[in-house]
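This is the structure I want to talk about, given as structure tokens.
Each chain gets a letter, A, B, C and D, in the order it is written, and its residues are counted from 1.
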Amino acid sequence: MSAPRFEDKPRLDDWAMAMRAAQELEEGGKVFNLGFGIPMLISSFVDREAEVLLHSENGVIGFGPVIEDPERADRYCINGGGQPVEKRPGVAFMSHEESFALIRGGWVDVTFLGALQVAANGDLANWKVPGKISGALGGGQDLAFCAKSVVCITTHQTKDGTPKIVNRLSLDITAPECVKRIISDIAVIDITPDGLVLREVLPGWTPDEVQQVTEPELSVTSDLVEMAL
Amino acid sequence: MSAPRFEDKPRLDDWAMAMRAAQELEEGGKVFNLGFGIPMLISSFVDREAEVLLHSENGVIGFGPVIEDPERADRYCINGGGQPVEKRPGVAFMSHEESFALIRGGWVDVTFLGALQVAANGDLANWKVPGKISGALGGGQDLAFCAKSVVCITTHQTKDGTPKIVNRLSLDITAPECVKRIISDIAVIDITPDGLVLREVLPGWTPDEVQQVTEPELSVTSDLVEMAL
Amino acid sequence: MPIDKVVGSFDEAVADVADGSLIHVGGFGGPAEYPSYLIAALARRGSKGLTITGNHSGFSEGQLTMMKQRMSGMMAYPDDYFSPGILVERGQVAKGILAFPVLPGAALKVPFEELLEKGEVELELIGQGSLAERIRAARAGIAAFYTPVGPGTVTQRDKEVRWFDGRPHLLERALKGDFSIIRAHKADRWGNLVYRGTARTFNATMAGGSRVTIAEVDEIVELGELDPECIITPAPYVQRVVVRPQEPVTDWRTPC
Amino acid sequence: MPIDKVVGSFDEAVADVADGSLIHVGGFGGPAEYPSYLIAALARRGSKGLTITGNHSGFSEGQLTMMKQRMSGMMAYPDDYFSPGILVERGQVAKGILAFPVLPGAALKVPFEELLEKGEVELELIGQGSLAERIRAARAGIAAFYTPVGPGTVTQRDKEVRWFDGRPHLLERALKGDFSIIRAHKADRWGNLVYRGTARTFNATMAGGSRVTIAEVDEIVELGELDPECIITPAPYVQRVVVRPQEPVTDWRTPC
């Protein structure tokens, strides 16, 4: 599908998408996994006082924000993307087999993952960039298959304007029917048994304009709100 | 098979059998598991200076002798039979799943087990006493199936004189073709691809007398020695 | 809202254990490993038709009293030691998935053996290793696995046999419980746990092996006090934590 | 004879790694997790036709130099950091069983990607979780297991699919190596190991996943100094221990 570029319209950058995604977090013991890429930025938007249980697949649970100061960085406490993160009281380390026991066993409540494409039925493609001979499967497939909920964070369109939210995947699938919510640079969309529901729209965009850059049909309900950070 | 009782002949008691079994131990990193019953007594015959790696299936490796003094006993360091054992430098604790990963994965070099019957092909029956509605499988089945070598410690005959070393098991099998050596109260017998070989005989017994209380045929080689403690 | 999994009493901790639940009961066989207070609370609650899993089916109340005396020459048994046998004795258990349902010798008949003879309880006999791995599989999201242990024996039953690497293997299924009741040494309010010596055993294995894991602990420490390198059970596997009383409660009938 | 698994040099530790060996290479992706000195020793030894497993295929020597500079704004990278990429770059690797064979973006082409494009290396792509569990299965004597991860995707290949609990599962086989080369923090001469923070990762998983496990450690401590409650890898899983040099050796060509 070809789609308009809307080049003059506002869009969230990676950090702003991560900031919006941080609103999905909650205290109380639920486990949130921050996947490779943009999701790793989320930990920087967690209130330091808040007891949000963050897991990273390389084997750490209960960590804090990314450490920005290289002097304070500890290379023995990194996230799945290799960034140094704060140890906080309650943090625990585990082996890779135990970290993925936690993932495979369904103990991760929400995982945030990047996406190359998301299909209307929740199919996710995020491991192989077109043109590359192979890709980076990492721990994302285990997470996509086994987390209770998958939230994708992604630009709404590729650089050439092609929609990333599609009727059917054209790229290699990571996991089927797993994505429950998409947080893009212009909207928040839920994937429900009744189809795609537009929940939030970035100021400067209309629902109709969001539809023009989204391949499957979006339904708009009365509780649609503006995307706020 | 009915067998003579030889009631006037000497026999090793449980402690003496354990003492003979302790001769099977060696230093250098091999892992020895001491099963439920008589085998638990073996740890008391290990030289305190010797670095023999003892494993107990409840999740401790590298422990020392049974503690005889109740004042010094630590109920947080017990063997598989519930007896308090010494912690020694190098000891490590593990969960049950890890303890049996060690067993199932073939990391136990020798396990010492009790026996109700051992067949000529190495089949072992040791979990269900005749007449009981069920039995005590414990960790013995995992050990019998997976240890590199199984050494059985048992009286040669039941209390009524019936041989315990038999052509074929009549009792419920624990594991097939696993026993490599039998240390009894009157002899040491190896189970080899060529059949049962009598290795040691307790002073006071002749090879022929041992054969009279053993159902399968024993071969006697020139290196037969007296059983010594 | 900070994370706080500490509940005020053992009775409260097991208040939602329904009849017919599958319960992984931690412990091994010695006096220091059982979640004695949680077992006592389950006895007080009186839930019926339970399936219990674990190593040992446990002793009756009378046998425990005898054990405490008989064993005193070997090591002191605490007065607040209860094993799953008191649940069996009271008819709360419909089925046991156990490695030691009855004792090896003829000397002592545990409650499970008596009920088994009467046909009043069902037994699924299993070795410790396969039981531990089935519970671990439940925690780890492994639906089933092939183990070399058991083909051609009592534990094969109707399980699939398949050959790998020249040896027959049994297909064993994950065994997820409704509740795991376990004993640990220290906890923080997030539910991170450490154990003590050989009391780790099935307790650590069963943590996370059920929908709800309830840990009975010697002590609750401040968040951050447990060494992150030494935490054996991380927080997500534990839903409730209860601390053992300072003064032993020696009659299981006493609410606590 | 006391148990002593300490060997004097990295070269000695890998001296029997034959061509065609299957090697589990510990580490994850950061600079603190790889068994850098063992990787360097393998490069010096020059064993060919290796199958390596692990998360990441690793960087070339030149890329490592660039990484060390580029990453300095985030955190200091040690000068003695080598990743399996130097083995790939030197043509020692015939096959990779990997989760990150190539990088996600187009910016950087790691050696494995270049060889893959030329058809000079074979790839078995696998997710981190299935890889970790296959290695753990080898250690634990589990021949194969059913995981819900992968049906209908690139990782299914010719694996058996079977339904459990309403979901398709893949049958994954145990993956036992000839050698595991891992990094740990402290060891004693028995081979008991502890790790440090997130450097535990695949290192602890691969310990015991091979016929021979070789641990590169920061420090060898006296027997008894490691807390028995905190030992992550017990002695039987480790066959050789080598201590890292006090002064970093920054050229992998230097024998040590």
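What we mean here is this: a residue touches a chain if its C-beta (ideal position, glycine included) is under 8 Å from a C-beta of that chain, and two chains touch if they have at least 3 such contacts.
It should be emphasised that the depicted structure is a prediction, and the values quoted were computed from it without experimental measurement.
Engineer: With contacts counted as defined, which of the two, B-D or A-D, has more C-beta pairs across the interface?
Structural biologist: A-D
Engineer: How far is the middle of subunit B from the middle of subunit D, if each middle is the mean of its Cα atoms, in Å?
Structural biologist: Taking the mean C-alpha position of each chain, the two centres sit 39 Å apart.
Engineer: If you average the CA atoms of subunit A and of subunit B, how many Å lie between those two points?
Structural biologist: 57
Engineer: Compute the distance, rounded to whole Å, between the mean C-alpha positions of subunit C and subunit D.
Structural biologist: The separation of the two C-alpha centroids amounts to 36 Å.
Engineer: Measuring from the mean C-alpha position of subunit A to the mean C-alpha position of subunit D, what distance in angstrom results?
Structural biologist: Inter-chain centre distance comes to 28 Å.
Engineer: Can you list the residues of subunit C that touch 2 or more other chains?
Structural biologist: 133, 136, 140-142, 147-148, 195-197, 228-229
Engineer: Where does subunit B touch two or more other chains at once, residue-wise?
Structural biologist: Correct list: 87, 93-94, 100-101, 103-104, 146.
Engineer: Which two-chain combinations qualify as touching?
Structural biologist: Result of the pairwise touch check is A-C, A-D, B-C, B-D, C-D.
Engineer: In their complex, what parts of subunit D are in touch with subunit B?
Structural biologist: The touching residues are 1-3, 5, 136, 138-142, 188, 190-192, 208, 222-224, 226, 228-229, 231, 234-237.
Engineer: Would you pull the subunit C residues touching subunit D in the complex into a rising list?
Structural biologist: 133, 137, 140-148, 164-165, 167, 169, 173, 194-197, 227-230
Engineer: Of all residues in subunit A, which touch subunit C in the complex?
Structural biologist: Within the complex, subunit A touches subunit C at residues 27-29, 31, 51, 53, 55, 61-62, 87-94, 98, 100-107, 146.
Engineer: Would you mind writing out the residues of subunit B in touch with subunit C in their complex?
Structural biologist: 36-37, 56-60, 67, 70, 73-78, 81-84, 87, 93-97, 99-101, 103-104, 127-129, 131-142, 145-146, 172-176
Engineer: For a test of understanding, state which residues of subunit C touch subunit B in their complex under the given definition.
Structural biologist: Within the complex, subunit C contacts subunit B at residues 28-32, 55, 72-78, 99-106, 113, 116-117, 123, 125-130, 132-133, 135-136, 147-150, 152-155, 195-205, 232.
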